[in-house]
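Here the chain labels run A, B, C, D and E in written order, and each chain numbers its own residues starting at 1.
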Amino acid sequence: MIVVENLVKTFGGFRAVDGASLRIEQGSITGLIGPNGAGKTTLFNVIAGVLQPTSGRVTMMGEDITGLPPHALFHKGLLRTFQIAHEFSSMTVRENLMMVPAGQSGETLWNAWFGRKRIADEERALCAKADEVIEFLTIEHLKEERAGNLSGGQKKLLELGRTMMVDAKIVFLDEVGAGVNRTLLNTIGDAIIRLNKERNYTFVVIEHDMDFIGRLCDPVICMAEGRVLAQGTLAEIKANEQVIEAYLGTGLKNKDKVAVV
Amino acid sequence: QDVKIGVVLGFTGPLESITPAMAAGAELAMAEVTESGLLLDGATVTSVRADSTCIDASAATAAAERVVTSDGVTAIMGADCSGVTGAILQNVARPNGIVMISPSATSPGLSTAEDDGLFFRTAPSDARQGVIITNILQDRGFNNVAVTYTNNDYGKGLADAFQAEFEAAGGTVTISAAHEDGKADYSAEVGALASAGGDVLVVAGYVDQGGSGVIRAALDTGAFDTFYLPDGMVGSVLNDRFGAELNGTFGAYPGTDSPGAALFVTMAEGAGFDGTSAFAPESYDAAALIMLAMAKAGSSNSADFKDHVFDVANEPGEVIYPGELAKALELIAAGQDVNYEGASAVELIGPGESAGNYQEIEFKDGVYSTIGFR
Amino acid sequence: MNPAIRAPLLFGFVAVLMIGTGIVQGWNSALLILNMGLISAIMALGVNLQWGFAGLFNIGVMGFVALGGLAAVLISTPPTEGAWAAGGWNIVIGLLLGGMTVIGAILAQHRMALGRIRTLTTLAILIAGFFIYRAVFDPGVTAIEAINPSVSGNIGGLNLPVLLSWPVGGLLAAGAAWIIGKTALGLRSDYLAIATLGIAEIIIAVLKNEDWLSRGVKNVIGLDRPVPFEIELQQDPTFVARAVGLGLDPVTASGIYTKLAYSALFAVVLLILLWMAQMALKSPWGRMMRAIRDNETAARAMGKDVTARHLQIFILGSAICGVAGAMMTTLDGQLTPGSYQPLRFTFLVWVMVIVGGSGNNFGAVLGGILIWWLWVQVEPMGLALMQILSSGLEDGSALQTRMIDAAAHMRLLTMGLLMLIVLRFSPRGLIPER
Amino acid sequence: MTEPFLIGDTMTGGYGKGPDILHGCTIAVERGEIAVIVGPNGAGKSTAMKAVFGMLNVNSGAVRLDGEDITHLTPQERVVKGMGFVPQTSNIFTSMTVEENLEMGAFIRRDDFSDTMAQVYDLFPILKEKRHQAAGELSGGQRQQVAVGRALMTKPKVLMLDEPTAGVSPIVMDELFDRIIEVARTGIPILMVEQNARQALEIADKAYVLVQGRNAHTGTGKQLLADPEVRRSFLGG
Amino acid sequence: MDVINALVVLANFVIVPGLAYGAQLALGALGVTLIYGILRFSNFAHGDTMAFGTAITIIGTNALIAAGITFGPLPTALIALPLGIAATCLLVLGTDWTVYKFYRTKKAAPVILVIVSMGVMFIMNGIVRFIIGVGDINFADGERFVVTARGFREATGLAEGLAIRTTQVITVIVALIAMALLFWFLNKTRTGKSMRAFSDNEDLALLSGINPDWVVKVTWMIVAALATTAGVLYGLDKSFKAFTYFQLLLPIFAAAIVGGLGSPLGAIAGGFVIAFSEVTVTYAWKRVLGYILPENLAPEALVQLMSTDYKFAVSFAILIVVLLFKPTGLFKGKSV
């Protein structure tokens, strides 16, 4: 589905992504893990067109999409969420969702003035859809709240909710789980699996929660220092010495100091 | 009875430093008339000030409209800058039929503006000044000069009129460069002027504005040391500000060898303002003309007295100087003609503007003085 | 206070102000203020579209207003006799050549591979183009400016009804906005602001110095009007009879009549634009714009073409300012380029938008009318303030004279004071966005 | 029972003029202890932390530090009293370098803090590498490390952390928890909100479950971990 | 010899005035940039703050001269400067306390503060005119020139003169010192860093124990000092006039922005960019070329790229071009 070849992105002299090459298979839920600063988010940003690559190539279903602007990629069915939530803070939660779908006829001025009947119909449908998503995210009571006033986790939920408003082909999730309650995260995981099964979405998921990754992802790609360090099933990755050293670690050293009751 | 006259001048904005003296000049004339008790059977004359801002046509129009409709003035002394003067004339004076005498709007364009016979000015059109400057320069043997002008209708109009005249008379204008008033720095202009060269720099600007800035920079860099100063540039502040640095500089501004100007200066001194300040005499004269015309018409209504402005300003009749308004009113009451000369030797021509008598000045020992008349 | 009653209440208050002005200072004064107030409201609407809807910090309002004014001259004045023959074609061809030079340079930049050759070609095109342009253009200018310079000296206009200049002013401004938007809209906040300010200054510089176009600083006066002249009415016996029948003095009546006619024209334009802005704001388009204003990165990721939307709204807002500019020049009856000052035409409009309530169309309209009313009325207020303050002082004391002398300057001080008071009690504007 | 070192006692309050978010919520921590707050998103955990730190109005209830009523002190005065806080969001100075961020953490300290800084760099080696880079240019997890490092620089008497491990990799999370335990054992009480609840509860001496601004469950970390109801509803089974 | 003459002409009409004007703008821009950097708004009242400080200094200068105190070859105003600074400090602190503080605690959007500062500008406008009037005031005394054009010609025997004014020298030196001090202060001192922290994230600054009131006070006091110094030096070099000080605002803003808002280095660079683009692009090269080129090639025409009418247009055009390549100014400024 997506092939990344030899991608390099430098900031000043620093090579945040340093010749990464990877394939994301159609219909998979690929996990992307790696130490902080490995270049995962940067990789996402380059694929999603937020950043221009220094060199390298990205193709989507054979088509070269390197350096296309984000809105163009969105129209090709490529969606992403942000690690640091990017909500539309002065708009309500519902508006945050309703603005997502492309091709709304009310988004041209002409229709805003002279096609008001059509807009009203579309809006009603959109509104119903948004309410569905809101219900799924368990934030019904916040429909009319300004998104800026949400709690940290709720903002992350909203991020996810936006991807559910349209029919995407591939969705990049950047740490949707960070700051989200684990019980809810399980529900989110279920939804991802369902979207993957029922609507055939492809997912790429950055996450530091191994349980979550384990439940969802196959294959898992581990990045480090801007390059792909290892790739395989989670079990394989977990057994990889390098990955343990750089990323997983060996657990608490101060276990003994924890009070036992 | 109380006759109200609007004094519409730019009390704020780029001319804010000369307008107080102008207003004081006009109000001096009004006080004189009120005191005499001879206008329209003892009418008092009060001034209603309004801010023309000099640059904001809309605000000026609104202010003028207000003094007309709200304060009920029956004539306007003003406005100062040609731009707002045109706007007030078209949007307030003509619709309301109010006489307007400007002491200082000198743009040649106003000569041909439609005015229903309501508009006059005690300042000459700049077309005339171009001739004067040419004559003075050539009499002194200067044939190669640079010009800088303030970038408005006054400066540009004057510079154009002068250049046309001067070149027709065989002179060369090496450069004619605009400067904007109120700006921070004039090095660029002076640089260009210096590069073009010339024996004299003609500064068609305002003494309180960029004009002085250009002179300062030109003197400091040694680009020019002789200047020609037209009307907007002559003011006693030059003595304090430049003094001996300007020795040899010359110029001319409206005025005659009639004793009016000197009289006015003394009167102004008594009233606590500077009678040599630019356009202050013209302002006194503008106000005086309005009141004398009213007396002549026996009415303070513009429609009645607009046709008498010429009568009182020009021959025939007894010559009237500043401070003699009471005498003029007496004469008019007695049915006699007056010829108002005033502080600036008023002589109205053609479309109702000053004929343009000029006095030539020259700097010597750090002060300027009048050396002749044209 | 509940916004639903707040807005009508405030508009009611403005109406009371206007009526009060009419009663105290005369209806002519009140209507004059109202008319400029309506025009200001339109400008504020344009700025609000850009800032309130899309967060574009445009402080080049003055430039667009001036272009509108230029349209009024170019549409309504008669062509100067002999000007076209003397140099009009040189100018047109010169301008075309100049435009082609720029296009050529841009094409070279786009089409050629990066490198020294590209730079050299571009430079060569620009330099050669510049000289050719000057060679064709300058003689035309000289010839035109030589035609009776003290009253014309410019190319003149098309001698069409001045009303036509309102849409044309909008188009002219839109065209300029397109060029500016294409180059500068990538800039953020204050950087965009200073760029737009710069462009406005450039537009004014052109207007001031290209005498062939609209006489430069020599001003064009006596423009045509869409409504009758007062004098004509005063000389029209039926009108006079009717005025007298109504118990009015014909002079006053004629003034009121023409001003009312203007008010009606302006109000129609304002209402149409207000309706359009309001519909746009409440539609999905408006929602998209707010999203873009809130967070551009996210809006991009959600498939919105931020650049195109910015350009669109920049053009629209500027066009509205252009329309207002043409209307204002029509009302003034003259074009005086020297009077275009940023303080008056840009910052004052911004004050209107912010005090009214940015992001809210009704707020902008309210701010436009209210602030203009203040701008005119602070003058007598400032004087009154000084008189009150100094009344306690000994008559003729130095301080008192000083205060009365400075009264004219209290105009701005009063303005500032009132602004601060309003913003203190409703910091997000009088009718805030939601 | 003696009074805990820091206690937010039956706090009720909300943001500005909005509705109350907290309803009689109590959280407390003893010297040398780690207290962990867990709960669903939007339960009011962050709000409770901010209330303890004086960043919003508490309509009723009190906050006491070491027996002293500090309910009416400004946040800044609380800092001077020795409280340190890492908020959940915007918790770094993005335009300043990493090192300057840490220096700002030590702002109220007048002594030489270079050794503390060295400790922070030991704990988060990546920060040492990036110390002259603007913090806003860091990756999500690196920012989180800066935020915690900044709070550690204060050498506080009590440390409050709002989701310190959100977005950090497992290895760093372990190190962070190790360090938190060490710090706590030196006698500094630590009050922390966590969504990585299971790991957090393992090291917690005391734990609170907040739901809709109210205390739903309270106990030791182990007790709550063992409670099936808590596990199912809040810890993801 | 001719080449030297050409250089002297260039120095006299382009380089020296450009440097001096640039330094004048830079000093003003430093104040603007500081407010933007720390308090995050464009302060429209800055021009009038400068005017106020200068007005007070002028009054002080007059008093000193009346008392017979002068400063030798240097302008007496420099002795009165501290008085002006002190008064301006009081004024801006008072303004902050009565006006800006309210919006800061409310966390109002920057643009509201901009408009509020316009209100303050109007008020200061009135105050300044009330205190000192509207006229042009010349308060420079002491030795006006370091080198006069005539003196230079006589001393060197060259055909061309070079004039350097005392105030020009002082301004350039003061501007550079002020910039260096400010740079050092913001980046190296504790208070300076806390000011930057405050501007970056106010809430977090609070959590770090930074006293916001103190930060704000220090900012305003520095701004008052910078504004007064800038105003006085400008007034000494040209002359004092309330209206001109208001007009100075635009080029000052342009300088601060093109240099990069919030950056002291940028303010200096911006000042010179604006000044030199005004002075050079419209310069007529006739005289310079006349010296350099052989006699028969010497130009008749002015050899001027653009007439001086377009001097502002050109300097703004350059500004825009700079911004197109460096969207947040030469030194990576902030944007809110």
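Methods note: a residue touches a chain if its C-beta (ideal position, glycine included) is under 8 Å from a C-beta of that chain, and two chains touch if they have at least 3 such contacts.
These numbers come from a predicted model, not from an experiment.
Trainee: Spell out the chains that contact chain C while also contacting chain D.
Mentor: Common contact partners of chain C and chain D, which must touch each of the two, are A, E.
Trainee: Walk from chain C over to chain E along touching chains and report the minimum step count.
Mentor: 1
Trainee: Hey, which chain ends up farthest from chain C, C-alpha centres compared?
Mentor: Greatest centre separation from chain C goes to chain D.
Trainee: Counting C-beta pairs in contact, which chain pair has more, A-C or A-D?
Mentor: A-D
Trainee: Please report how many Å separate the Cα centroid of chain B from that of chain C, as a whole number.
Mentor: 31
Trainee: Indicate the whole-number Å distance between the mean C-alpha point of chain A and the mean C-alpha point of chain E.
Mentor: The mean C-alpha positions of chain A and chain E differ by 49 Å.
Trainee: Distance between chain B and chain E based on Cα centroids, please, to the nearest Å.
Mentor: Each chain's C-alpha centroid was found; their separation is 35 Å.
Trainee: Between chain B and chain D, what's the gap in Å when you average each chain's C-alpha atoms?
Mentor: Roughly 76 Å, centre to centre.
Trainee: Where does chain D touch two or more other chains at once, residue-wise?
Mentor: Residue numbers touching two or more other chains: none in chain D.
Trainee: Quick check: what residues of chain C touch more than one other chain, meaning two or more?
Mentor: Answer for chain C, listing residues that touch two or more other chains: 208-209, 409, 412.
Trainee: Chain A: which residues touch two or more other chains?
Mentor: Within chain A, no residue contacts more than one other chain.
Trainee: Could you please write down every pair of chains that are in touch?
Mentor: Result for touching pairs of chains: A-C, A-D, B-C, B-E, C-E, D-E.
Trainee: In the complex, go through chain C and note every residue touching chain B.
Mentor: That would be residues 24-29, 32-33, 36, 149-151, 208-209, 211, 216-219, 221-222, 229-231, 234, 251-252, 254-255, 258, 328, 331-334, 336, 338-339, 341, 344, 375-376, 379-380, 383, 405, 408-409, 411-412 of chain C.
Trainee: Chain E touches which residues of chain B in the complex?
Mentor: Spelled out, the residues of chain B in touch with chain E are 13-14, 16-17, 20, 151, 175, 177-180, 182-185, 187-192, 194-197, 208, 212-213, 216-217, 220-223, 237, 240-241.
Trainee: Show which residues of chain B lie in contact with chain C when the two form their complex.
Mentor: Residue list for chain B touching chain C: 11-12, 16, 20, 49-51, 55-59, 61-63, 65-66, 68-70, 82-84, 86-87, 90-91, 94-97, 107-109, 111-114, 116, 127, 151-153, 155-157, 160-161, 164, 178.
Trainee: In the complex formed with chain D, which residues of chain A make contact?
Mentor: 11, 33-38, 40-42, 83-84, 139, 142, 149-154, 156-157, 175, 178-186, 208-211, 246-254, 257-261
Trainee: What does chain A use to touch chain C in their complex?
Mentor: Those in contact with chain C are residues 48-50, 69-71, 74-75, 79-80, 82, 86-91, 95-96, 98-100, 102, 104, 106-109, 111-113, 116, 119, 122-123, 162.
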